[in-house]
Structures are given as C-alpha cells and as structure tokens.
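There are two complexes below, and they share subunit A, which is joined by subunit B in the first and by subunit C in the second.
Our next item is the complex of A and B:
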C-alpha cells in the first residue's frame, strides 16, 4: 500500500520496499542459468536417493526467481546471508517504525516468511547441522527472552497505584514513587544476598544459641533480656542473634557441606556494595543517553508550547491546575521577553545573597556541633549506665538528628526568600543545602562513633588482661599445675565477655534508621493528615478561609522526600556490614512507606500549583545517590582496613585484619601458585576501590563516546533530509498540481 | 504462559509483541479496555481479524484521554482514515507510541503529526495558534498569542520559511528535557 502523503517516517519503508524489488530484479536475471542447473541436478539426484533435496528442487523450480543456495558462489551466498540478517534486523526494529499497524503486521509476515525460507536453506553444505542447531538455539533463546520479559513486567508491583497518582498529580510527584519502587528492587536484591548467604547459613548450620559465650546473653543482662524496651533498643535477645555481627562464629567451615562462613560474610559485604554501584551507574548511563542538554534557553517558547502539557493527567481538578499554571508561565515568559531587565540594585541583591549563604553556613555549623555534643553526652550516659536516665536522654542522638533533618530545611526555605532567585535556580540551591546538611550530620555522627569505637578498643585490652587473670584463677582452684585436670565446665553465660565494637556500630545504625522512620511517619501523620483534617472540619467555624489562605492543604514535597530516601539508603549501605539485618529492615520500611505515602498523597495533598521540576532531575538524583554510595562505603572500608576486629565476637575474631580471611582462603582452599600470584597483587582492600574507580571511568568514557556517535548520526540524518527536501521540490515543480490533489 | 485465552491466536499475540512495546499481558489488557468502550460492537474473538472500528467520540471518553486538550488530534493521527475511527490495531499502536518504552525519535514523529492541525506536514502559524489556545484554554489575549507563536517559530525555524517542517521540529524537540516524561500515557 503506497502511503498517501509523504511524511517523515515513510521514507524508511519506501527504501526497504525498493531494495526488495531491486533484489528481485537481480535474481530474475539469473533465472535461466539456475533453471538449467536445476534440471542437471534433478537428473543426477535421480540416481542418488536424496529425497529432501529433490523436494527442495521442485519447490525452487516452482518459485519465481528464487535462489538455490548450494549453487551460488560464496559471495552470492554472503549476500543472501546479509539479506537474511537484514530482514532479521528489520523484524527487531519493527516496533520503532512510524508505520501504521497494518503495514507493520504485513511487513512482519513477509520478513518472517523470507527468513524462514532461506535460513533453513542457507544451512546446506558444510556445517549445515551446526548452522541448523545454531538457528534453533537462537529461536529458543528469543522465545525464552520474551517469556522472561513478560514475566518480569508481570512482577512489577504497584503499577496501578502509581498510575492513579500520575493522573491526579502529574509526572513529577509520581517520579518520587517510581524512584521508591526502584529502590525497593535494589533492596530486595541486597536482602536476598544478606539473608540467603549470611543469616540463613549461620542460623541453620552454625552452633545454636547458648552453645558458646558470644552467642549467649551474659548472666548480668539475662534478667531484662526479654523486656520490650530492651528489645526495641536492640539489646537483649535481639543483640545476641543473627541480626548482628557479634553473633557469628569464626569457625572456618560450618555444616556438613563445609560452608565457608567468614568468607561468605566478607564477600557478601563487598558484593552488596559492588551490586549497588553497578545498578546506579547503569541507570545513570541509561538516563544520560535519553535526556537532552539541560537548561538551554534557546528554545524557551517552543518547549513551553510542545512539552508543557503532561499527558499523564487524568483528573479534572489537576487538569484545571495545569491549565492555570501553563497560562501563568506563558504570561511570565512574555513579560520577561518584553521588559528589558534593568538590574537595579544589583549590589543589594549580591549583598543579600552573600548574607543568606553566610546564615546557611552558620546553620550547618551549628547543627554539626549540636550533633557532636549530643553524641559525646550520650557516651557519658552510657558509662554511667543507661537505667539512670530518662527516655529522652537515652535516645537523644537519634531524636536530635531526625529533628534537625526536619526543621533545618524549613529554615533554609525562609532564608532563601532573601536571595530572589528564579524558582528553578532556588530549588537547586535548596536541594544542595539540604544535601550538605544531611551529609554534615551523617559524618559528624560517624566521627562521634569512631570515638566510641576507640573507647571500646581500649576497653578490650583491659578485658583481655582480666580474662587471663580469671582463667588462671579457675585452674588454681581445681588442681596443681602438673595434673591433667579435666577442663572446668562453665556455663557460657558466666564467661567474662570482651567488648564488641562492631555490634555497637550495627546497633547505632539500626536505632538511627528506626528513629528516622518513626519521625518521617509521625511528621506525615501530623503535618499532612492532621492538618488536612483540621482544615476540612474547622473551615466552617473559622474567621478566614482555611482552604485558600493559611494553612490550606499541603503539597507533596518531592525533592525533600527523594533526598530523605537517598540518605536512608546511604545509612543502610554504611551499616549493612555490621548488622546484616539492615537490608531486611529497610525492605520492610520501604514497603510500608509505599502504602502509607500513597494513601497520604491521595488523601491529604493537593496538586502543586507551580511545577518547577529541576529538569534533568532524574540524573541529578542519581548523581546524588552515587555520591552518597561512595561516601557511605568509605567509613566501612576504612574500618575494615585499619581497625583489627574484636577478639571475642564476629566471624573475623582472632584475625589481625578482617580481610585476612581472603588470604586464608587463598592459602588453604586454592592451589599454592594461586596464593603466590595474589600475594603479589598486595592488599585486596586497596585494589578493590581502585578497580571500581577504573570501571567507573570506563563506563563514563563509553557513554560519552556513544553520545558523540549519536550526534554524528543525527547530523547525517539532517543532511539526508535536506537533500530529500531538495528532491521533493524538484519533484513537485515537475509534476505540478496533480500530486497535491491526490495527497 | 499457560493462560488459556481465546481472544487471539498465539501467532497474533507474538506478532503484536513484535510490532509494539507491549507484553502479552498488556495486549490482552488493552483488548479488554477496547472491548469495554463498546461491548456490543467489539467482538471477544479476534482470531479471524474482524473489521471493527470505534468512533472518535468513544475513544476520547477514556479516562486517560478525557482531560487531554489534544485528545482529538491524538486519535485522528493514529487513525487510517484521518477521522478518528480506530480499529484495535490502531488502538494498540497509539498506546504503544505513547508508552514509556517508545524511543524519542518515534515519539517526535507522532508529536509532529498531532500538532499539525491542517495535516500539511508543516507546523504553520495557525497550527501553533490552535495549539496554544488549547493549552491555555484561550486565556491569553490575541496579542500575546501572536507574540508567543512568532517567538516559537523564530526559535525553531532553521530554513527560514516561517513555518516548522519536521526537521525543525525534531531538532527542537530532541533537546527538550521534559519531552519524554510528558509525552507519555500509562495504560
């Protein structure tokens, strides 16, 4: 079917059609020769019973101008193979062609028939069986891939929920929920790794609870070990379980199939980080290819006209809002265009901006100092014993961090009113400041934690000395030195225990995350839900219109929520090595968040009045995630490489450094030359980050080169289009009005 | 995948999966959506490829399209007769192009078709004015409309013929950061 009017995508189809016809023409020229050879073949095949070839011969003779692969010269065979490959490529790219569906289906049918006919025939001659086998395997593989894709799409959760939010609030709010879902997927994998390879083997095949000192609640704490308050704080039975580092035994191989527990623990820790890097970078590369150049002012009006309407909107109220915001945006753009912006009072603006930045810095410094102060205070409390203090004093650190995270951004918002930036720029500054705030808080927290670790290590020396004294006293009581007295059986709960800084670190992170979660949910309930309830029900007995003026319904804060999510994930990455339960906890938290926030946004929020998406914000958030990933793995790597593990707990106890487990595995489980090679590669703890950096660099370079290539292709296409238009002009003028009438 | 359905043959479903960006399940879901638009007109059995078209008025009533100011143009661009009557093939094609997986180039081609009100393969001033009025519900004054359309043509027109050809449009739209995320309907 010839297209009725010339439109951009049809040239492709025309080209293909022409190429096909051209091919046919060529083949027709060869026909007489083939027919002669066919008859010769037939005669010879009569004497040798090759039935398959005979029937093929008949078919070939019957078809017009078709080639017989076994009679072609190698280069013609090549050309046929090329044609088949081209058809296959066409089938692959069919969905991206701008043809009407009927054309696509017809082309698909034709191409499939062509491929089927000649693919089998191509396999004649040498390597025929191998070729046929390859073809069959490719077909099976394609079918498997397609089924897998179908399965994967069926598994994607919450699709309808997100669609509802999109139609009510537009794509910017929905982008947060899509991001949340993506994070959920990552955490699912992390959970699978830590649960399946670390927690389950230890629980099933390791020594049970109560068999050795590190796995038992000490006698002193036994009384309160089951209390809810203690369990909520992750002490008591929760502390002495697979949830934390300290429970794991340092036995090299456990269970009947010799599962290498310490090795697995170490590798899972490294593997979670590696997987996270890979996923984030892969998503960034994909986004970089899709998004155009951001913040280009040369197409201001055109973009406003053609890309401002959000096709996802399906709700009348949101649509009205969108119309209003588009109109306002146009009016603003027209005003900006008409009046030349006289920069009067530029000195005042500059002064105000400097002042605002200074205030923000003061704020950041203040919050950093506050956290440091609070952490030191909590250490003092811990030394005094926690029972003597109120609930607030015990949970001070976490509460302070969460409250700072809640109130400082509001403060930054107020300060930014001084600056008088364009809203888009102001949003970027706001995001940057909140990022700095969270980062500063996190690192202050870690520094304070390092102090606590050093304290515990000093304590370790003292405890080691005490234990030797205690052991000596045991033997003194039972017999003389020379007698081979049976070892005294002491209940594991009574053995004096060494301090375990890793479990402490794990516990701190778990507590931080729980309090962060609680703060988020409570803010949501009070800030959004309670506010909406008050506005709705107090409206008829209040002096002014609550819904239109202050406080009115809240809008969904996309950037704040996304940042919160990113930092939450950073904390998981930081603490997952010391508390294998963290990914599981996070999975639960994300699951609950999804439902809670979906409900809250539909129930209590109104669509945003002015939408200023920081364009290309997708890659902006990914970049932040990558930075956070890097910064969160730094402390973990530092502790692994420099601090010796506790002597009395965890899978690496007794070793000099945690990564010695690799050395040990190389020496005992691999042949001798292996370990020599690896020892030359020196410290694995140093080589890994270096390799990661190199992979990062390679990926970045690869994606840049890809975009250059695409720019080249674009330019070529443009050139083609220009020449086509020139041809068209000639065509039009020579055929006159007939063509226009028929179009 | 084990689900016995009688609406399409397996070959038909495979063909649809090759020609669109949808999976098997989504195609079946699309069929049920198409069917509920007009349960008496649309047959449940598509194995012998019935020739059934639904009129424009039924299609633009779908919740996904109802609030879209360009809904009429969207449906017209995908219909074979240009009047907005869609067969199931065209229905699937429409949502495939507007889905998340469609590439930028494909979307640009159809966006051009949608905004081209007089179907002359150029976005002339009248096309832009109509687009703008639909977008702002005619809230702008005629002078403002004039100004915006002039500015838009000035920005995007490369060959100086005072209207936007496809090449101009494509050059402009491929750099737009919001294009992919806004030109998207989830079904």
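Our next item is the complex of A and C:
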C-alpha cells in the first residue's frame, strides 16, 4: 500500500527535469528529529527504493518527510547525490527500455518518489522553503498550462461530432467536415468585417429608413413590399435595407465621430479578398510542409501492407469495410502490376479515353448552352414584366443551374468507367471535370449578368433625363423661379429613382446562393434520408434485397460536397461587394449545413466501399480554392474598375469610378505630403520595376526549391545504396564466418 | 407548366441511370421479356426448352458435357437462374474441401446444381435433392439420370422443403447432414435453416451454402446470421450467373453448435 500523501500522481518527466535545475537551498528544518530515524533513513536511501517507502511511513508525522541535510555527513551527501542522479537518469531513459509496461510504471513511480524526497537534501541549508515554494509554483503552473490546453481543445467547435464521424466513416469523410469547419472560421471573420464595419455603422449612424429616396421603398412597390413572396425574392423591404449596396448613402462622413462610410465600404471589400488570399496561401504552405513524404513508386506493396490501416476507425462495420477495401486494393495493385507488364491494347485504351473526353466535352457544351439559353429567356421575361410569369419561369435560371450541377457529375462518373484509370487518377479527372462544369456555369451566368448590367446603364441615361424633366416641372408648379422659394417637400417614396445595377447584381447572387442551398438540402433529404427510410422499411416486403442491391443506402460523396462548398465560397467572394449580407447568409448556411450533414451522415449513409486517404487530396482542394478565389474576384474587380457606379444609389454614387474614394480620402483626410508620396509610389515608373523584382524573386525561390528537391532525391538514393551495402556486409559477415568454419 | 429547360436539365440524370444500371435492364430483357415471348411462341415452358436443347447437344453419361450444354443455352439463348460456371467453381472447391458423405440440396430446379454437386462427391456419398414443383422435378430427374447418376448417389424428393425436413430423420434415416445447398425461394432460406437446427440435423462442422445472397438477396437470413452467433459465416463474392456487371454472393456457413 502506497502512502497517499505523496503528490507524484503525475508522471511528468519535465517536472523532474525542472527540479534538477532548481537544486537550490533548503531552509533549516524546524522540527526535531531523532538521529535514529535519520540513520535509518540514510541506510535506506542507499538501498532498494522499495524499502525507502517503509521508512517513509514513519515520517508521516513530519510534513513532506524531508531529510535534514545538516544531519548527513559529506560522503553520505555525496552518495545521496549520486543515487538521486542515477534515479533521474533512469527516469529519463525509461521510455526506451524494453521492459513490460507494468514494470516501467512501477519503476517510474518509485524513482520519482525517491528523487522528490531526497533532492531537497542536496540543496544546502537556508533556501529550502523557497525552493519548495518554487517547485510547487512550477508544478502548479504546469498543471494550469495543461488544463488550459485541454480547455482550448474542448473549445474547438464540433470536435466530438467530427471524431465520431471519423471513427465510423474513416478520415476522408471527416476531412470534409474539417474543411467545412475551417470555412466556417473564414466566413466568421468575413462576417465580422462586413457586419461590424459596413452594416452596423450605416444602420446606427447613417440616415434612417425613409429619410432619403434611395432608402425608401418606391410608391409603386409599396403595396407588396411586405409580402413573403417578395421578401423571399429579396425585393421589397429586404432590398431597401443594409443588406444591399443600394441602401448606402454617399455621405463622406457619418455619425458624431465622422466614420468614413464609403472608404470603409471599399476597404472592407478589398480587405475580405486580401484576407482570404492570405489565409488560403498560409494553409497551403502549412499543408505542403506536412505532406513531405511524397509518393514513392518503389516498394508499393510494402507501403500498402504496413501503412494502409486507419487507426482512427472505431466501428466494427467500418473496420470490415476497410479490411475489404484494403484487400480489393491489393488485388487491384496485383492486376495493375500484371497489366503494366503486358501492354497490349494500348490503342483501344487510348481510343476509349479520347471518346470519354469527347463525351464529357459534349456534356459541358450542352450544359453551357442550356444555361445561356435560360438566362436569355429570363431577360426576355424581365422585359415583359415579371408578374406575368409563373414561379417556375421566374426561378428557371437558378433551378437549371442547380439541377445541372447535381446531375452532370453523376454522368461524368459513369462515363469515366470507360477510361480504365487507376482510381486516384480517375478521381482527379472527375474533380477536374466537375470544376470545369461549375466554372462554365458560373461564367455563363456572369456574362448574362453583364448584359443585364449594360441594359440598366442604358436605362440610367433615360432616367436621368426624366428626372431633370420632373424636377423642372416641380419647380414650375410652385410658380417661383428663384431659389429662395421654400423647397417643395416631396415624400421620398414618390421621387423617381435611377436604376441600381449593383443591387440587382447583389440580389442575383443572393438568390443563387439561396436556391443552391435549398437544392442541396432537398437533395439531402430526398436522396439520402427518404431513400434510407424506403430501404429500411420496405425491405421485408420487397422481392429483392434493397440493402444489398438497388437502391441501398447511399454513400457520402466527399469530392462532390467539397467542390460544392468551394464553389459556394466562390460565389460569396464574387457577390460580397454588392451585397454585404452575403457573408452573414453564408455563415448561417454553413452552420445549418454542419448540423444537418452530420446528422444525415450518421443516420442515412454507409461507409464507402473504396476508402480513400484524405491527406493527399488536401492540398488539391486548397489549390482549387485558390483558383476559385482568383477567378471569382476577377469579375468583381473588373466591374469596380471599368463600370461607373450608379448615380442614384450606393456609397459611391456621384463618383466617376468606385476607387475614386481612395483618391478623395488621400486628398482630404491625410496631410499633403502623404498624397504626394502616394502619387510618387503609384507612378508606373516605380510600380513596374517593383513587379519585375517580385517576378525575379519568385523565379529564384522556385529554382532553389527545385534544387532542394533534387538534393533530397539524391540523398534518398544514397541512403538506399548505403543500406544495401550494409545488408551485403551483414550477410557476408554472418555467412562468411560459416564458410570459414565449415571450410 | 414546367418549362422545357428544366425538363432538359433532367436528361443527364436519365442517361446516368440508364448507363449505370444497363446490366439490370439487359437481365430484365433476357429473363422476362424473351421468356414471355418464347412461351407464347413455342408453348413449352422454359425448363422444357432447356431440356430439349441439353438432350440434343450433350453426351449421355458425361456430366461435364451436360453442364456445358446448359451453360451455353443459358448464356446464349435464354436465361435460367442456375448456379452458373463461376459460382459453380466456388461450390466445387467448397465440396472438395469438405468431402461430405451426406448432402442435402434444397431447390433442384432443372437439376444443374444437382449434377454439379454429384460430380464432386466422394465415393459412397449420397445426395438428397428436394424440389417442390412437379414439372421441374420431372425434368430434373431426367437430367440427373442422363448424367449417369443412379439412385445410390442421388435421390430426388418431390415435396416442399418445409414438409420434407421434419421427416428426413424418420423416413430417410438421416442422422447428420454434412453439407446443405440452398437455392430455392429466398424467403424460405430462414425458415428452412431454423427447421434444420430444430430437428438436429446439423452437427458441428456442417457446411451450409446459400446462393443469391446479394441479388435478389435474402435480408432476413443475413440478419439472422449476424445475430444468432451459431455459425461462422462468410460471403463469397462473385458475379451473377450468365451476366456481367451484376454482383452476387454465396454465403458459406459452418455450424458451430450451441454453446
């Protein structure tokens, strides 16, 4: 029975290490102790650690049971010190010893007790209490640090959910949820920026609803402004609110502390993009560091044999599946090895691959044309007036885009069976094709949107003319020519409005996101949940086994979902400048998605038959995200730079270009020398050499990284040669001696 | 009402379904449509047509040629759900490993699997084959005798299996069955298994092989297997007979005895 008042319930090696450093002085003991006890203790300190425990029982009378150093002679002190050092060395090296665990734990505990008891004896005299205090504080600090780490880990949202999913489904499905959580973090920051710096200042400090024409629902639309159908389409009161670009006033400074609203709007727009770039590239760099091993093409079967198992699996059915999938992958590897030896029919394979690519191209072209056709039709509807058409016709574009985005990847998957690629290569082709599909759809949508923007700008000229006419008629009506007459008070709702293409763009994006979300959720409910319910409850009265054959439970489609997430984020980046409510909407959507998909995966899906490791594809998804970020900020930047803002709505109304707000701020808010410096810095003569320098730096870094990679490969080869030589040497010495003996 | 564009957007889905399940469509065509057509045209039943073909195209007394003739007819002319060459090889291997002396077969149908099993039996073994349908049983009897197996080796019992199994011990003096092959109606797998257990016809180490575990599938049987713990079981995965692309499996059970 161990005495319980000893504190080392913690097997913390570091603590002992710390104590080594603090071989400080101990204070002279106050309590009287018989010499006899000390002598017994001295004797026991040089013997086995176990017996020291028995003597320690007697020391329960004293606190801490410390040895009085002044009662020991120098040689004994020396011996004690050696013993303590030996015990410390033992503790340090314990991990590497080939003992059974129980023995290790017992030895550890005893050594720690010994060290703790007798180390104080080594310090001399006075500083003992201070030393004890220091030791106690260090221990407490370590404990606090550990608790804080635990608390930080417990604060990570949804960690238990994801771990549970990982144990059931393997690491690739869990990687989707980890990716979702990471996206949620990014969107949280974007939401913070847009909400805190754009929406809230305008709502609190800007002019309230109804004070100026752009903030009021026009008289013509007032009747239906509160209808649910109108609000769902983001018209009515939703349109004339902080959610969209058009509501914002172009007043240069608002509120009592002169918040520069237009500047803030512009900078937040630029800042969201900059932040996103930074985060994505930083994550890519971190992932590149981790995946350093790389794919060796040698020792394929050894790698498979020793590294295929996923130790995070905690569910028997998943383990069975993983086992079956490893077996299948072995079979496939053997087949592949055989097939790579004989390589007949290369022409047939090539022909089939070309055919498959041709079919995919046809499908892509077909889907692109369909979207273009539908968008043209919706523009025709808009010209006719939207009220004459059914709900289906009004939402045709969104529905067609969502449906195509759902069905075409399935078709690509089926066509890729023709190509006969290795599954990982096939997956990359599949992802590339889905990427092309989504991109094509998105850009067709944008081109159609550009047409609508141009239409609105043409309308602007007409409306400007009409407004001048209307104002003239107003002043004529009051019958006074000079400006000293009291201005006519017209209710803001009655003032004729200029068209606002930015709000229209924002609305289109919001509608697209909403319909995409709805389609995803409905597909989830029908394709996964309803299917699972049918399979489960119809199985005992159906002629064939629904679980084993068609339709069976669905599998979780990792790549499709990840791509959907990436493209969704691309749309947010595209539209966030024109609809500041988009990050908020996306945050809500991701939050709901997380819970809904976690539930759906656990409830309706079965683990995949082909279980893929996620680590290789992580950087691939990040690279796609980067490309999407670049491609989605392009249209926004193009519209900002080339198209003049609407004259009647938004924070930049009245300016020639949106980025003029920067110029204005530099001139008015900063001292004169600052704007001079800036104008020098933005001189093309300075900017071009700088760009050239950056290009050269990138080239230099690229070539050094290539040379490091080659050096790595060479080292690997050398290592292989050395081990081979060592093997030969070992073989020769072990058998060589046999030869000599038997010769 | 619904615009043509939205209808067109469903075209990829249709194409996907057609391409993914093309083997099932082909199977449906061969097993159902061609059969109905031939039934109307010739007036004979499917098994009789098969028998006529086998009679004319095989060597009497040679089980291998009978099986080959059957395989040819089922793959090229029409479709009958015998066990087929691939799954048959698995069955042969299991039989060779087990070397049973008393074998029970539930569901002889045309006699293909009976001939297959009888071919792989050791000397002195006896096969009891149960078939419910009179017409099929008549054809099976002819095929078995054509293959050259006499009454010592193969006995064909024409009764439903749930009536025969209780009487196996009393009427046929069977103590223990070394091997059972189930290929009759899938919903009868579980009741017949439980009957065999109840009447004590299974001993430790008896092997039971059940066909068509995945297509059409016997879900209750599988669920019972997983739960009861009396058997060590595994599923041999293969393809459905005479068709490519449709997965199927045979379950191999080894009775462990009550603990």
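Simple rule for what comes next: the second predicted complex is superposed on the first by the 502 of 743 C-alpha atoms of A that agree within 3 Å, B and C clash if a C-alpha of one lies under 4 Å from a C-alpha of the other, contacts with A are read in each partner's own complex, and residues count from 1 in each chain.
As a convention for this text, a contact is a pair of C-beta atoms (placed from the backbone, for glycine too) under 8 Å apart; a residue touches a chain by one contact, two chains touch by 3 or more.
Please read these numbers as outputs of a predicted model, since none were measured by experiment.
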item: Partner chain in contact with A:310 - subunit B first, subunit C second, else both or neither; value: first
item: Which of subunit B and subunit C A:91 touches, first, second, both or neither; value: first
item: Partner chain(s) touched by A:370 [first = subunit B, second = subunit C, both, neither]; value: second
item: Touched partner set for A:399, first subunit B, second subunit C, both or neither; value: second
item: Partner chain(s) touched by A:536 [first = subunit B, second = subunit C, both, neither]; value: neither
item: Which superposed partner A:716 touches (first subunit B, second subunit C, both, neither); value: neither
item: Which superposed partner A:706 touches (first subunit B, second subunit C, both, neither); value: neither
item: Partner with the higher number of touched subunit A residues, subunit C or subunit B; value: B
item: Subunit B and subunit C contact sites that coincide on subunit A, given as residue numbers; value: none
item: Subunit A residues touching subunit C - in the complex, by the definition given at the top; value: 363, 367, 370, 373-374, 377, 390, 392-393, 396, 399-400, 403-404, 407-408, 410-411, 413-415, 539-540, 543-550
item: Residues of subunit C touching subunit A in the complex; value: 1-3, 5-6, 8-10, 12-13, 15-16, 19-21, 24, 213-220, 222
item: Partner subunit B, residues of subunit A touching it in the complex; value: 5-9, 91, 94-98, 100-102, 104-105, 108-109, 146-147, 149-151, 153-154, 159, 162-163, 166-167, 171, 175, 290-296, 298-303, 305-316, 318-319, 323, 326-327, 330-331, 333-334, 337, 613, 615-616, 714, 718, 721-722, 725
item: Partner subunit A, residues of subunit B touching it in the complex; value: 1, 14-15, 17-21, 23-26, 63-64, 66-70, 80, 89-90, 92-93, 96-98, 102-106, 109-113, 115, 119, 121, 128, 131-132, 135-137, 139-140, 144, 147-148, 151-152, 155-156, 165-167, 170-186
